Every structure is written in C-alpha cells, then in structure tokens.
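Paired with subunit B in one complex and with subunit C in the other, subunit A is shared by the two complexes that follow.
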Partner chain A sequence: MADQLQRAHPLSGRLVSNAGVTVEPAPEAPRMILRAGKSALPALSKALGVKLPTKPKKSANGNGRIAIWLGPDEWLVIDLQSGDPAADCAAVKVLHSAVDVSHRNTAIIVSGTHSAAVINGGCPLDLSLDAFPAGAATRTVFGKAEIILLRETEDRFRIECWRSFSDYVFGFLEAAAVDTDG
Partner chain B sequence: MLLIHCPYCEEERPEIEFANAGEAHIARPSDMDGLSDQAFEEFFFIRSNPKGLHYERWRHIHGCARFFNALRDTVTDRFVATYKTGEPKPDIAAEGKDQ
Partner chain C sequence: MSGANRLAGAGRLVPARTARFSFDGESLTGLEGDTLASALLANGIHLVGRSFKYHRPRGILSAGPEEPNALVGIKRDSARYTPNVRASVQEIYDGLQAVSQNRWPSLVFDVGALNDLASPFFSAGFYYKTFMWPKAAWKTIYEPNIRSAAGLGVSPSEPDPDSYSARYAHCDVLVVGGGVSGLSAALAAARTGARVILCDEQAQMGGALHFESGTQLDGTDGFSWAGEMARQLSAMDNVRVLNRTTAFGYFAQNMVGLVQRLSDHLAVPAPGRPRERLWQVRAGRVIIATGAIERPMVFVNNDKPGIMLASAARVFLNHYGVAVGRRVGVFTANDSAYAAAVDLKLAGIDIAAIVDARSAPQGPLIDKARVLGIEILTGHTVARTTGRLRVSSMTVAPIAGGSQRAIAVDALLMSSGWTPSVHLFSQSRGKVAWDEASDRFLPGNYAQDCVSVGACNGTDRLETSIAEASAAGAAMAEQSGHKSRGKMPRTKMETSESWGGGMLGAAPGAGVEAKGKAFVDFQNDVTAKDIRLAVREGMHSIEHVKRFTTNGMATDQGKTSNLHGLAIAAEALGREIPKVGLTTFRAPYTPVTFGALVNHSRGELFDTTRRTPMHNWHVGQGAVFEDVGNWKRAWYYPQPGEDMHQAVNRECRTVRESVGLFDATTLGKIEVVGPDAAKFMNLLYTNPWDKLGVGRCRYGIMLREDGFIYDDGVVGRLAEDRFHVTTTTGGAPRVLNHMEDYLQTEFPELKVWLTSTSEQWAVIAVQGPKAREIIAPLVDGIDLSNEAMPHMSVREGRICGVPTRLFRMSFTGECGYEINVPSDYGQAVWEAIWERGEPHGICAYGTETMHVLRAEKGYIIVGQDTDGTVSPLDAGLQWAIGKKKTDFVGMRGLKRADLVAGGRKQLVGLKTTDPKTVLEEGAQIVADPNQSVPMKMIGHVTSSYWSENCGHSIALALVENGFERTGETLHVPMPDTTLAVTVTGAVFIDEEGKRLHG
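Here is the complex of A and B:
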C-alpha cells in the first residue's frame, strides 16, 4: 500500500537568525516564465491582474502577484496566493509563451539591517539604495549560481534560485551572515 | 572587476554576468549549398583576430540574457562602445577620438 507522495521543500527547516540578518526559506509558490512581444503586453497584464513592467530592473505588484522584468521580452511572475498565472495566460489569444517553473525554482528570504551586505558576500551588484531601491529586481549571479534578486523593501530581499542550487546558495548566505552577528 | 554597459539593461553591470560570443557582423551566406570548400572555410573558421579594436558579440547571459555587440580593444580590454543587435557598427575613427 503506497502512501501519497509529498514534495519536500528543498530548504525545509533551514534558518539563520542573528542580530543583523535573518535567512529563511520562502513558502512554495506558483511561478511562471513569460515571453511575449510588446503588442501582447496589455492583454497579458489584464489577464494576470498585474501590469508587466517594461523597464530594466523593475518589478510590479498586483492581484497577489509579483511580475519581474528579466529581459526586453521576458518576465518572471510569482503568485503569492496559490493562483495559477500560466492558466490565466492560456485564456489570452495573443502570441506568447508561458512556462510554469513553480517546481524548478525555490526562494530564500533575506531580511534585516545587514541583508544587503550579506547578499554582496556572493553577488557583485551595486545594492546601494540609489542603484537598487525597494522594488528593484534582476537576474544576476550569487557565487557560482544564477539567481533572480528582488528587493521587496529596504531591508528585505527575495532570492529566487533553481531548486538544485538552493542548498549551495543557502550555505553561502549562512557563511556570509557569520560576520553580521553582533 | 570590469564593468560592461549592457545596451538592453541600460547600465554598467559586473563582467561575470557576461559571456563572450566571438567576432560580430559575420553574415551567414544565403546560399550554403553552392559554397565552395574554400568559401565555407572562410565563413566558418577564419576570423580577423586583430590586435586592437575588435567588433564582437557578447551575451548578458546572467542578466537580461540578450546578445549584443561591442567594440573592444583586445590589447587594453577597454570597451569603446556596446550596441544592440541589428544596430550599425559604430565608426571606429569617431569612437577612438576621445581616448
């Protein structure tokens, strides 16, 4: 008799918490990579309930979703309320490509006054508030892994990475966080 | 770390987000079947490999993931200009003036 299989969270039970920073896994979330031309954007934005940003390094919120500009015709849409953004796009008749990547990615939340310094332990981007304010987001690198970095607020970041890289990324953040204790 | 201006991201980004993709502005022959062995060799293998200014393709692979073109000095590693795919070559003489 087989029990129902459960998908384990790759970072289940992991936590770093000290005076300067907290590093913790984000809950599971539906996600989608969307590719589309300029003329398709109004219809797709309407179907998703969030206006797809058209400027580099921008993100947008709406309908419980985050839409992140990745390239001139590419977005990551994260749904924080267990909706199905790919299904919403399927109803749109204009040409586009919507690929569900919910189980390819996982996310890590880094928060606290030293969160930018901890991320800069492995990420070469300028994370000063002038260059990377709240709401800024981009694909970049963290150590040897590719990540998508979103600054939710001044002191809170979301790091999206591939599920199979997440142990490496979390371990790297853990090591970088040692210096922020105290 | 070298900073490279991505024409799609519209800002300078760390070099480790980028990958070089060889010489730029090499047009694929429209009549591949009719090409002589020598002409194919020239198209496929032979590159200018200059010492100095070089037009080359780059990809912002860990950023916007787009290919673009760059004019780079192979001696100093200085990027003279970067521009979007499909845009004309910048004029070397004009670009070199302010060096």
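Here is the complex of A and C:
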C-alpha cells in the first residue's frame, strides 16, 4: 500500500493564461533551507554541485539545482531533478544546518512579456532588468504574503511561497493578470 | 447641434462626433471630449447644484479639478453611482446620466434654500453653540437632523461591481503635471535615457495651454505643441506617459501615489477591466510641475451661476468651443483676465465691461482690450450682483466712492490672480515661504529629493519656465546617474500671455460694512464675514479660524479659498499674512475612491486565508470552521440533526472511549539545528534540555524577560543537535522572531540555526484508548509498544509508505500520537487512518472538543488561561522550571518581588453548585456576594465548558491565592443571579495520568 500515496499539490489544476502572461503551478521539487558559516561554503558548494552565492539578490544554478541567497548564512536550495540536497550536504563534515522544506514551499511560475507588470501588481520591488536581471532572487512581499521571487529569464519568474499562502498568492496573481496594459 | 452656445469654428472638438447625455433627466447633446461642465454650458445650463449650508443656486466656477461648486452624481447603472463628481473633470460619454445634489424637491425649487433666509442663525461656529441645550435633545433631535442635512450627495447603496487594479513602479524621475513646464522637464530628463514617468490629471497633456491662445511654441499653437511632445515622450522606451492620472499623495522617501482613471470616460467600459489603477511610484527624483490655480474675487453675491474664473471661460471657449455667455462682464485685479475678454470678444461675444480693482493697470493685454473697444473701468469694483438662478447684472462702483451703476450681464468672469499649487510640495514636508514681492507662498525648504518648476514655483514668464524646467529635468536625470546626451533643442516661443497682478482678500466694497454674502469657500459656504467673526470670537491662529469656519475643509480642500481666507483673517487681526501662517496641505490632493486604495484586496483577497492539507476532507465531512489567526480550523463536525453542543459531546465521549482524529497542522514548528541546540533551548525555555534523550519529548514553556508566559509546546529531540519545536498556532511567527532575536543579539556565539517547518508537516493527532491499535498496521520501522515508545517520545519512520515524525504525546490526557507527514501527503494519510478507524467508531474532532478535553486535564492554552500577566508559578507549572539552571530568558523576571509575593492570581478549577450551570468565560469572581458595590473582584473565569465525560460543568479560573482556596466557596455575580462555585484542582479527569500510558 505504501507507495500508492499520491502527493496532493495545493494548486493542482490552477492555470491563468491571458495575453502576455501565464500563471501556473511549478512541478514538485525537493527543497531545503541551508544554514552555514562562510568557511563551510566551499565544501557545501562542492557537495551540492552548485556554487552557493554570497551576495544579496543573487542565485546560482548547477547540477540541476538552484541556490538562492536569503541572508548572510541562509540559502534556499531547490532541486529540479528530484535529488536529495540535504543528504548530499550530510555527506560532508562541515558545520551546517540542512532542513527539508520540500512541502513547506510551493512554487508558481509567472511567464510572458507582462509577467513583471503582473508581479508588480502586488510586489513593490523594482523589476526592471537593470535592477532585477535574470538570475536575481530575493525574499520579498506580494500583497500580504511573504514570497521568494526568482527571475529565471527576462520573461519568466518563479515565486516560492508557503503552502497555505499559495491560494492567496495565486488568486492575487490571477486578479493582477487581468490588468496587463498600461 | 451640440448646444446653442457652441460656437462654430471655435475649440478643438469635432462637431460631428456627438454624445448624448442627461442632466436631471433632461436629454442633452454634447461632443466627444467634452467635460460635463463644458457640455452643460454649451446647452446654456449654468445652474448645476445647491450649496452645502444655504442651498444657494450654484454653477460652474472652474474648468478643472479645483471645482468647489459643480458637484454632481454620476450614474452608470443601479450599482454604479458616484456622488460628488466634479462636472469640470467628468468627461461625457454616450449615455452618461448626471444628477444634481443637495436639493429637494428640485434644483430650481429647493426647500432647503430657506436656510439662506435664516442665515443669521447659521453663522460660523453655529453648531458649536446652537445645539448645546437641552442636553437630551442632542441624541433625539439635533444629531439625527444634522446627520441627514450633512454632506453632499448620496452614497451608493450596492456593493461596487467594478474592479480596481494596482501597480508598483520605479523611475529615476517622476514629473507631475503635463503643462509646458512638465513636458519640458520630462523631455530633458528622458533624453538622458533616465526612466521617466510623466503624469497629468487631464485627458490630454497641455495644462494652461488648453486655454492660452496667445502662446506659440516651435511655430505651432501651444496645445498642439503639447500633444506633439506627449507623442514623442510616449514613443520613448524609457518613458511612461500617464494621462487622467492624479498624483494625490506625496509620502516618505519619494513614494508618490497616483490614481489613473481608466474607464470613467468610456461609454462602454470593457467588461472585467479595472475602472482605476493605483500607482505607487518610488521615484529617485520628483519634478513638481503642478501649475497654479486662479482665485475668484471675493465680493457680494459672487456665487451666482454664471460667475466663474476667467481662465475657465477661456478653457470653455478655446478648447471646447463654448461661449459661457452672450454678454459677459469681467471683474479682475490681474492681467490674465483681459486675455479672456479679448478671446471672447474676438469670438463675437459682447463684453459688457472689464472692471479692474487696480487704479492704473498697464500692459499689452490691457492695450489689446482697449483697441477692441472694450469698456475698461479701472479703480472700480463690483459691489454686488443680481439674478436668482443665474447672474443678470453686476453693480459697479468706483473704489474711491461715487455713484453705482448696474450693468446687465449673463456671465461674469473673475480673477484675483494665481495661487501656485504647492500642495504636493507641502505634502512632501517641504516648507513654503512667503514671497513679499508677489504676495504668495512659494516652495521654500525642500525635505525630499524633489524640485518645483514653472507656475507652481512662482515662475510666471513662459521663457523662464521652459528654461527652468528643462534644466531641472536634465539635472534630476544626472543626479540619478544619467548624463545629458548632446544639446537639448531649444523650444522657440512667442507669447502674449501675462499672469501679472492680483490681490488677496475681500475686494474693495466687500469689507466689514458690506451687506450680503461674499463667498470665500464656495463648497462649505464660508463668507468673508464668517472669517471676521471667527477672529472676533478669539480665533487667532489660521488653524483655529479654519476649524471654526470650516474654510478650506471641504472636498476641494480650499484650492480657491485658502489664501483669501488667510488674507481676510490677517486683515482682521491686523497682522501680516506670513505671521498668521498657512494651514498644512494633506493627501489626497483630490478625492480618491476607496476602490483604488483597496484595489485587489477585497473579497477572497482581503487577507490570506490559510487552509491545512486536510481542509477539503473537513469540508466533505460537514465541518464548521473557526478562524484562528489567518487559519481556518475545523471547529466541530455536526452529524445530521446535531447541534454544536451535541456534536461536541459526542466527539468528547468518543475520544475518551475509543479514538478521535484531530487536525493539528496549524501548530507552529521550528527546527533548531546545530551543536549548541541544547544550550540554546536551555536559554529560551524554562525547562532543562541537556538530559532529554534523543527520541524523547518534553513540554516546554517560554517566558518573556518579565517572567510571564509567552508560549508553550511540546519539543522532541531528533538528534543530539536537532530539536523539533512546536509552538501555539497563533504564536508561530512571533516565537520564531523571539528566538531569532535572542540568537542574533544576545547569544550570537551559539552555533545553532532556526528554520520554520510549520508548513512542512501535516499533523494528524490520533487520540484515545484505541489509538495505537489503529495506526500500528500503517506504521513501518517504528516499535509502538509502551516499552519501546513510551508517552512523550518521538520516532522517525514511515506511515503509509511516506516519511513520518511520529510523536507519542497527548493534549487530551489519552494515549495518543501526533503523526507528522510531509504536507502534500496529509490528506491521504488522514484518509488511510480514518479508514482503519471506522470499524472502531473513530470520530474526527474539532478545536472545540480539543478545548474541552484539555480543560478536563487542566492543560492551559496560552492566551486563554494566560494573558501576559501569568507566570509559570501562577499557572501551577513550577515543575517545568529547571531548578538547577543558571540562566534562561525570564529567570530574573520570575524573581521579581511582586511575582513571588502573596496574593498572586493562581490557576485553579471551579465547580458550580448546580452541575448543569456552565459559567461564562471572563466572568468575575468575588469572595463575599453580599458586599457593597463596587465589589472586590478576586479573579475571573478563563475557560469554561460542559464536560460530557465528567457529567458536570468544568471551569478554570485565575483566583487570588487560588492554590490555598481549595474547597472554598466563591461567587460569580451575573446580571440576573449570583452563582456559587467551589474551588478545586485544575485536573478533572484521571488525576494520576494513567490513561496517557495506556
């Protein structure tokens, strides 16, 4: 019986597809919050196969993984290939904390030429390409919810939020996606 | 034909493009691009409303957002009704319905106009005096009547069906105002490549170029030039041009609020599209180019329909092609009104006379008027006007004295000069300074990164305005890191316009001795006399004068009245204007809809609604939900025919007799990881953690510095360096903050990290004597026997094939488990357990049953049985304090004299004499029910329920010296009776706790 249990995605079946913007749930992905001091970074980066960024608003890609800088000693690591980043970190003997948040977070992909405008419907950040280029990522707010915003490409964003806030965040994006001109 | 007063060949609208609209039910024709004001005037309609206090007939004063008089209701359909819309701002569309306000039964015959005759009783401040006696009349007579008389217009009665949008935006330079200065500044800034936003409140850019017929720019008329500039700017990638967009508020750090009207001008707004869009612009620099507002003259009967600002008449003529009258008088103390007379005269309108309060005005405009043969009466004043529903004559008089003469007019234009629009500058916390030479307040000290250019900066000459604006645009762009590229092309200009002259205060002849009403504030019906009265009654500060008279306090915020009011007060006080001061300008500049401010945050999006992974299962079982913070929690699960009481009784019984399932997902969870994890826990909780073995749990209490209980929860040790901490549902965010705060500021040397896992885990509490039996077959890799896994232990393994952190713990007093599984599996695991439990009579129980069961065991709920003034000693939890510990947050607080002194309120149980009586939570407790009122209250009930399992009611209470009162009878006075109660221990069931270990 054990392996028959299906995951229930909180945004299963939701989709917004308007001219110039698409809002859809991202596929499930293992995630962890990694906490570590500076001296541990080379070993952890090596174990993960992605160089952990050390500057605010930065993310890095490698080994099918995205590492997002959240604070001087804090990263969100998303594994797009269903690996086990926490296990990889556990294999190296440097001081760190790896906590699985695969189910705490869920993600929404906003794509299309109007995606920045739609996100600016609830997010006060400057999303111009100069201020927030592809690869930029940060923890911020969207409406009344906390999100982590990653710009994957010029016209494609990944919004990470906690599971129980995802209905609100998706609903807000849906409302903002009506107003794409101007 | 779009109205008898539309002049062929005049204005910029296209005669063939007509639009039908109605005013008070009368069907009329206007032109596309008309405002309601211009369309009404084209149809010869000047009377559009009744004034607030005296119900005097009022017309259209202005052609812009400063309009105090012409407020109407605009109705699109039954749900879309907007009161107090300025006719001078509302664009007409085919099918627009406008209705006048503040009149009954009709605009022409209004009963409320009796107030005008009774006006001696309604002088300034009348409401502070008149309604003082008798006292009882206030509630029954005065207040209801004042409320029905107060305010203009009627609120819409249905929910607003429109949607409103919002957008945050950033730019290097925000330019507010699209007149000649704003356009020049925007263009100069944009040419550097800087990101520019240009907004203007009107439908088209141009500002004063709408009416300035005498200005030529780059070889074309000013308004066409403005259109061309706007087109050029719109075509640039780095520029956003927003028309119909009002900058209504200037907030901290160059955050400027704009509201963009998207569909109020459309006959058929696209369905589902937003009506308005709120822009919250974070601007590197702001250029304020908001222009100036013309002031009326203050003279007796200056409020009759047909009397309007000179510039407004020019807008109506030069932009809309509408003549505001056929025989027009002009009363001025300023040059620019002459241009209005000249324009009208050239359009074939008869100018009755120009009355100029100045003795010897000179200049090209005056000469031009003279050349056209217009009679100019210098050194004269308009003593009064006549006419009931529209002005019919003006009585002119030499200021030096002499005989008066009535001149027939059907419109009267006035100008006492121009007031720079320093509203936004003032909102930015900039300080205005009085300019002696020009008698006006101008931007003085700046508080934010902004600059004022053009008329709002007191720059009157066109050439200087353009130069100043262009320089500002380039400088602001450069300050934000953008260098000028090449030379800015010079704008070639020619102008015959002049804004010189002007006066403040009452016109000659409208002084103290004048009879009749000379209005200062048209919207709030404040006259020059009212202001003088306020001074006589002791109001010496302009702030007091304003509040006493309500001058400048209407929705127009005194755009046309503030300076006159100030000047009249200064004269009455015998002081100079800057000594009397200026009132502060506040946001919004013009009224903003609630819809725009609220935008997306309504209905489902008003706030976040958090639901657990098992939410839909609860819904399917007919659960009733309660809100706990932002969470929806299942409260109880009524079966068909059950009320809440019956459902809760059944749930309570089932848990103690068999087994119950409870969704505990909302509890906060924090993972504490690192070699110093136990050290950190020792510091943050009262309990000792060093000796807690891996795989064991402990109930922890967290205090604030002052020694009072802050939060509690069960903590499991997963490894030497890893704790799984739980918090209360409501406490989750603040407990993490509290921990992080201490970690970063007090104990930064500790090697430990905190991560919220509240939502990583769905938590299924399985509680009751059959709990183990039911889950055992589903669990892999964990020995559930009492010996291997006693009460208060935690194991990691699998349930239904998915990973679990399985806690053996209990908030019910029964043998129980709290099964943590990754959230996405929550509902599937829940259903699997449910299926297993059904043959055993399992029930799902909600938060109400949870409350009852824990109260039967005397388990506290932080925030219900504690209130921020309860120490662990008060709550009977001294056993949870590590006696050997040398430090923890709150340790010193616990030793404070008043926390260890006698007489503390302590948590006890209460039983009522009648077992069926359930006390009211919050009820006060007294020792002697026969003492005199006010009685000495010695405590209060914190939790109270009917306990089906006990067969009697139970209650917890905080009572002075409660621990010493066991067995005592106390009393709970209620409105209709006094209930006797007996003090007991706080545990009502299974005092030895045997059931936990079953």
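Assume the second predicted complex is superposed on the first by the 175 of 182 C-alpha atoms of A that agree within 3 Å, B and C clash if a C-alpha of one lies under 4 Å from a C-alpha of the other, contacts with A are read in each partner's own complex, and residues count from 1 in each chain.
We take it that a residue touches a chain if its C-beta (ideal position, glycine included) is under 8 Å from a C-beta of that chain, and two chains touch if they have at least 3 such contacts.
Since we're looking at a predicted model, the values are computed, not measured.
Identify the partner contact of A:141: answer first if only subunit B is touched, second if only subunit C is, both if each is, neither if none is.
Once the two structures are laid over each other on A, A:141 reaches subunit B alone.
Looking at the overlay, what does A:133 touch: subunit B (first), subunit C (second), both, or neither?
So A:133 meets neither subunit B nor subunit C here.
Would you sort A:42 into first (subunit B), second (subunit C), both or neither based on which partner it touches?
After superposing on A, A:42 lies clear of both subunit B and subunit C.
Answer with first, second, both or neither: which of subunit B and subunit C does A:27 touch in the superposed model?
Once the two structures are laid over each other on A, A:27 reaches no partner at all.
Name the chain, either subunit B or subunit C, that contacts more residues of subunit A.
Larger number of subunit A residues touched: C.
May I ask you to decide whether A:57 touches subunit B, subunit C, both, or neither, giving the answer as first, second, both or neither?
Touch partner of A:57: subunit B, not subunit C.
Examine A:71 and indicate which partner it touches, taking first as subunit B and second as subunit C; both and neither are also allowed.
first
Both subunit B and subunit C touch subunit A; at which residues?
The answer is residues 124-125 of subunit A.
Going by the contact rule at the top, pick out the subunit A residues touching subunit C in the complex.
Subunit A residues touching subunit C: 1-10, 28, 33, 35, 73, 95, 97-105, 117, 120-126, 128, 131, 143-145, 162-165, 167-168, 171-172, 175-176, 178-179, 182.
List the residues on subunit B that touch subunit A in their complex, please.
Touch list, subunit B to subunit A: 1, 8-11, 13-14, 16-17, 62-66.
Which stretch or stretches of subunit C touch subunit A in the complex?
Touch list, subunit C to subunit A: 163, 165-170, 195, 242, 260, 262, 272-274, 277, 280, 282, 600-601, 604-605, 607-613, 631, 671, 673-675, 751-753, 755-761, 780, 798, 800-802, 822-829, 832.
How about subunit A: which of its residues touch subunit B in the complex?
Touching subunit B: residues 56-57, 70-72, 74, 124-125, 138-141, 146 of subunit A.
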